[in-house]
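Can you keep this structure in mind? I'll have questions shortly.
Read from first to last, the chains carry the letters A, B, C, D, E and F; within each, the first residue is number 1.
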Amino acid sequence: MVHSASILLALASSLASASDPSPLQDFCVAINDTKNGVFVNGKFCKDPNLVTPNDFFSGLNIPRNTENLAGSTVTPVNVAQISGLNTLGISLVRIDYAPSGGLNPPHTHPRAIEILVVLEGTLYVVGLIHFQFNIGKTKAVAIAGLSSQNPGVITIANAVFGSNPTINPDVLSKAFQLDQNVVKSLQKKF
Amino acid sequence: MVHSASILLALASSLASASDPSPLQDFCVAINDTKNGVFVNGKFCKDPNLVTPNDFFSGLNIPRNTENLAGSTVTPVNVAQISGLNTLGISLVRIDYAPSGGLNPPHTHPRAIEILVVLEGTLYVVGLIHFQFNIGKTKAVAIAGLSSQNPGVITIANAVFGSNPTINPDVLSKAFQLDQNVVKSLQKKF
Amino acid sequence: MVHSASILLALASSLASASDPSPLQDFCVAINDTKNGVFVNGKFCKDPNLVTPNDFFSGLNIPRNTENLAGSTVTPVNVAQISGLNTLGISLVRIDYAPSGGLNPPHTHPRAIEILVVLEGTLYVVGLIHFQFNIGKTKAVAIAGLSSQNPGVITIANAVFGSNPTINPDVLSKAFQLDQNVVKSLQKKF
Amino acid sequence: MVHSASILLALASSLASASDPSPLQDFCVAINDTKNGVFVNGKFCKDPNLVTPNDFFSGLNIPRNTENLAGSTVTPVNVAQISGLNTLGISLVRIDYAPSGGLNPPHTHPRAIEILVVLEGTLYVVGLIHFQFNIGKTKAVAIAGLSSQNPGVITIANAVFGSNPTINPDVLSKAFQLDQNVVKSLQKKF
Amino acid sequence: MVHSASILLALASSLASASDPSPLQDFCVAINDTKNGVFVNGKFCKDPNLVTPNDFFSGLNIPRNTENLAGSTVTPVNVAQISGLNTLGISLVRIDYAPSGGLNPPHTHPRAIEILVVLEGTLYVVGLIHFQFNIGKTKAVAIAGLSSQNPGVITIANAVFGSNPTINPDVLSKAFQLDQNVVKSLQKKF
Amino acid sequence: MVHSASILLALASSLASASDPSPLQDFCVAINDTKNGVFVNGKFCKDPNLVTPNDFFSGLNIPRNTENLAGSTVTPVNVAQISGLNTLGISLVRIDYAPSGGLNPPHTHPRAIEILVVLEGTLYVVGLIHFQFNIGKTKAVAIAGLSSQNPGVITIANAVFGSNPTINPDVLSKAFQLDQNVVKSLQKKF
């Protein structure tokens, strides 16, 4: 299905559905306190007395360069970029697509559901398979909301053929019905 | 604090923090089945065999007219507009602001946390008080993600001075330290 | 609507709906460990071996003095008063109202839903607007249960007119349809 | 541990910890629509257009008669008594205790955590075992908040010795280290 | 990594993390009430008065035949098999693997986290990639717990190459760095 | 009701229903960092760079010795045994039962719902009362899934008669309708 600018899509990905635990105070601005090698589920909070408005915003410079293999660049804005998003259970991404074939390849977000709005261009999207493909002759831009402050992303081809350590080629050959040599060649590429 | 186009803000509103219950199947496209006067928490689901791709998208026509009292128009895209958002726990709004003073007035979302990206123009926002005010000489546009498929909205001035039935003016006079006549006059306006 | 002693009200405030994350052990008595400037979502737990029955109770001395501007006193009993409430997702408040006009002014709890029982006196409450007003000639007392160990409270008039830093009067003048001078005068009072 | 009037206790029962699913609209007043033999998780909602203030309150007449075997009466106020509590995740109970030995026997709430305030009298409570025993010479009264609109209650002695169908006495004899005849006698009493 | 019988594995799949909404009554045995084309999130409940012990159990006959392309058979026991599991947020699967290469191919559960115990045989599993491969010369058997009553399953190769409608081969060719002819051939196989 | 090997039971215990908070990253392997006497809800996480596959599995050696008073041994595999289960909201137990009367006595899990599969032997289980009794002449073995990484367990007889400090015998005598001497004798046994 083809969608032009300003079409909004609910990516009811059948691959994701977590809801982050609720906040227990007005805000909990994230800090990384790794100096002691101590970690919690999510992030530690910054001392509330030291929190400033800057903890709650970030620039989203446009446009991004899309001269890469996939022809797309995903710019996340989650708890890693805006520490004030910690415990709030929501984040955004901006996606730039190169003209004529820019692809945000099949992937899933292990901790979030996604909703996507096409700001510019024409994208091809299919059903529950989660990718976007720029079929227009011009660049495309989309913004997506995600239901987690740390949604994560698993790009399927990388996870399967590019895992480290490498998966036994017998498994992938059988699972994808591909010749062992093709599997090994893919494992080198990813 | 003033924010120009492409600034992304986490509206860590201290007024909202629910997370919707998780989905229990791949999708539950909403239907209103009021013919029997029967309702559930949220919405009934459409027969999965009748679901089509159209249930998952919607146009988001731009720009919206902002010639109204506040000088702003909020275009929600939640479960009421995209029935496929049902059970997914996320939605978006587009907000258009008139030049030089367009205001999305102080409000809260009883069932969602919001994150806002300024696509165009310059907005004034303050800390945890939840409003946007266009201080630029040109129109402004923002998109916000919300962590519920049905976030709701309570515009504070309306809820307080425009409630139906009317609140006893003694209460509002005391709470807002306003003269009774001012309160009664406000209750007529809202 | 007027309610006398022993009436129980569900304050289905349209302004609140979080549920705290579930406990992950039998109890997690709160401690403030700010000596390192380190914070978590909620509170750190006390060493379970040092927990005593005293961590789970607190006196609720009655009656409270209500000689203040609003004519009411709210005595919270949440995780700040009973550290054993940490992670348990529930708390209480006691509210004392002065005779003839004691007011618990319009407010909301960002992380809790409230249920209120009138122990003594006669209170005026309206629909979804969340306040109580003592219309009786004697003092009134109520107890309310809240669905969070740290429900928070936003008193609307304070948040709007008394915020620090001050909100631009243009915004409040437009939002509340009040003269700029009235707004500035209110901002001085709160 | 002995607690007099106005002591507030967090009953951090190690037997309970659910949080009800969040509401998905401002309110969902419960109805029982059993005419078709159809049920949902929780309750169906009343048509929002037919909801009235009466759906949100209930009298809590005092005092209750405590002339029964245990010497106590529990008056619940949950979704069965106030249908407006549906989806709100909170409820209350009032407990009246007979003088000199009124007992609310050991029990647990499968879907709620409880916090209890003693309004009148002197109660004996121990650690994580969940009961209250009136050790004073006068009646006692308590109010408790519960973190569910339908907390449920399992009175332990009834569940073990009074279950229907009856549990094989071999099991209870072994589990409680009681003579089989004692077990059979208890099974007759409960 | 190779695991022999009686090894228990936490499959901390980075692809799944939902928790089902909590139950709101003691049990809600599922029924399918599709005669009116009406559906809810999850399942309707059976009339509690008609519930029998049979609603809570099911046979798990062993062993299953594994003479199929993958050399494995997954026997789910979730709300579709035991209607009493409705609202309980947990289910199991039994997996039988053919000797010397039986494969439960890479997949994910969109609504559950999985924990797996090897009852018999020797399985090969790698890191966060979610599959099991029987490297032993004898059959293997495993049981897995899943944190949802309806966990769902997405077999990756099927979802990518066997989707209906078919995904544009340009997308898959680019995403998997495979020749277009290989992609088209795979799309025929799946 | 009697169940033989390979019967799977949903123990829809009316005594349990929590769902653990969702994970906020791919994994959070538990560590106990008690050197500073600091604790959190659940467990601290291990430095992700130090996580190894060993953090995600554990042996489950069989059979266990059942020569004890109850004639049963419960072998838990939760976050205490597999630290990688932290934040994942699921765990397992293996239960071995002695022939002819091995009993896993009445108990409840305060933070989990349980589903049980009988691998070997014949067990007697009744309705919502949560125990298993080996009525066969041979040993029995079961595996159960639990919907928490730290489900907890309250063995009812121990909690009631073996609590420390001891419960006032007046309370137990009244609650269980047992002679005071029987209560005191039970309190010595447990």
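As a working rule, contacts are C-beta pairs under 8 Å (C-beta built on N, C-alpha and C of every residue); 3 or more make two chains touch, one makes a residue touch a chain.
Because the structure is predicted, anything quoted here is derived from the model rather than measured.
Asks: Applying the touch definition from the top, give me the chains sitting in contact with each of chain B and chain C.
Replies: Both chain B and chain C are touched by A, D, going by the contact rule given at the top.
Asks: Give me the set of chains touching chain B intersected with the set touching chain D.
Replies: C, E
Asks: At the place where copies chain D and chain F touch, is the share of residue numbers found on both sides over half (same) or under half (different)?
Replies: same
Asks: Hey, what angle do you get rotating chain A onto chain E on C-alpha, to the nearest 5 degrees?
Replies: Best-fit rotation on C-alpha atoms: 180 degrees.
Asks: Taking each chain's centre as the mean of its CA atoms, how far is chain A from chain C in angstrom?
Replies: Measuring from centre to centre gives 39 Å for this pair.
Asks: I'd like the Å distance between the centres of chain B and chain F, where a centre is the mean of that chain's Cα atoms.
Replies: Here the centre of chain F sits 46 Å away from the centre of chain B.
Asks: If a residue has to touch 2 or more other chains to count, which residues of chain F qualify?
Replies: If we look for residues of chain F contacting two or more partner chains, we find 14, 17-23, 26, 40, 42, 110-111, 127-128, 152.
Asks: Just say which it is for the chain contacts: an open line, a closed ring, a star, complete, or other.
Replies: If you draw each chain as a dot and join those that touch, the picture is no line, ring, star or complete graph.
Asks: Please list, in label order, each pair of chains that touches.
Replies: All chain pairs meeting the touch criterion are A-B, A-C, A-E, A-F, B-C, B-D, B-E, C-D, C-F, D-E, D-F, E-F.
Asks: Which positions of chain E touch chain A when the two form their complex?
Replies: 13-19, 70, 101, 103, 105-106, 108, 110-111, 124, 126-129, 131, 133, 152, 154, 156-157, 159-161, 163, 165, 167-168, 170-171, 174-178, 182, 186, 189-190
Asks: Which of the residues in chain E come into contact with chain B in the complex?
Replies: That would be residues 18-21, 34, 37-43, 110-111, 148-150, 152 of chain E.
Asks: Taking the complex as given, what residues does chain F use to touch chain E?
Replies: 1, 3, 6-12, 14, 17-23, 26-27, 53, 56-62, 77, 82, 84-85, 88-92, 113-115, 117, 119, 127-128, 143, 145-147
Asks: Can you name the residues of chain E that touch chain D in the complex?
Replies: 21-26, 28, 33, 40, 42, 44-48, 50, 86-87
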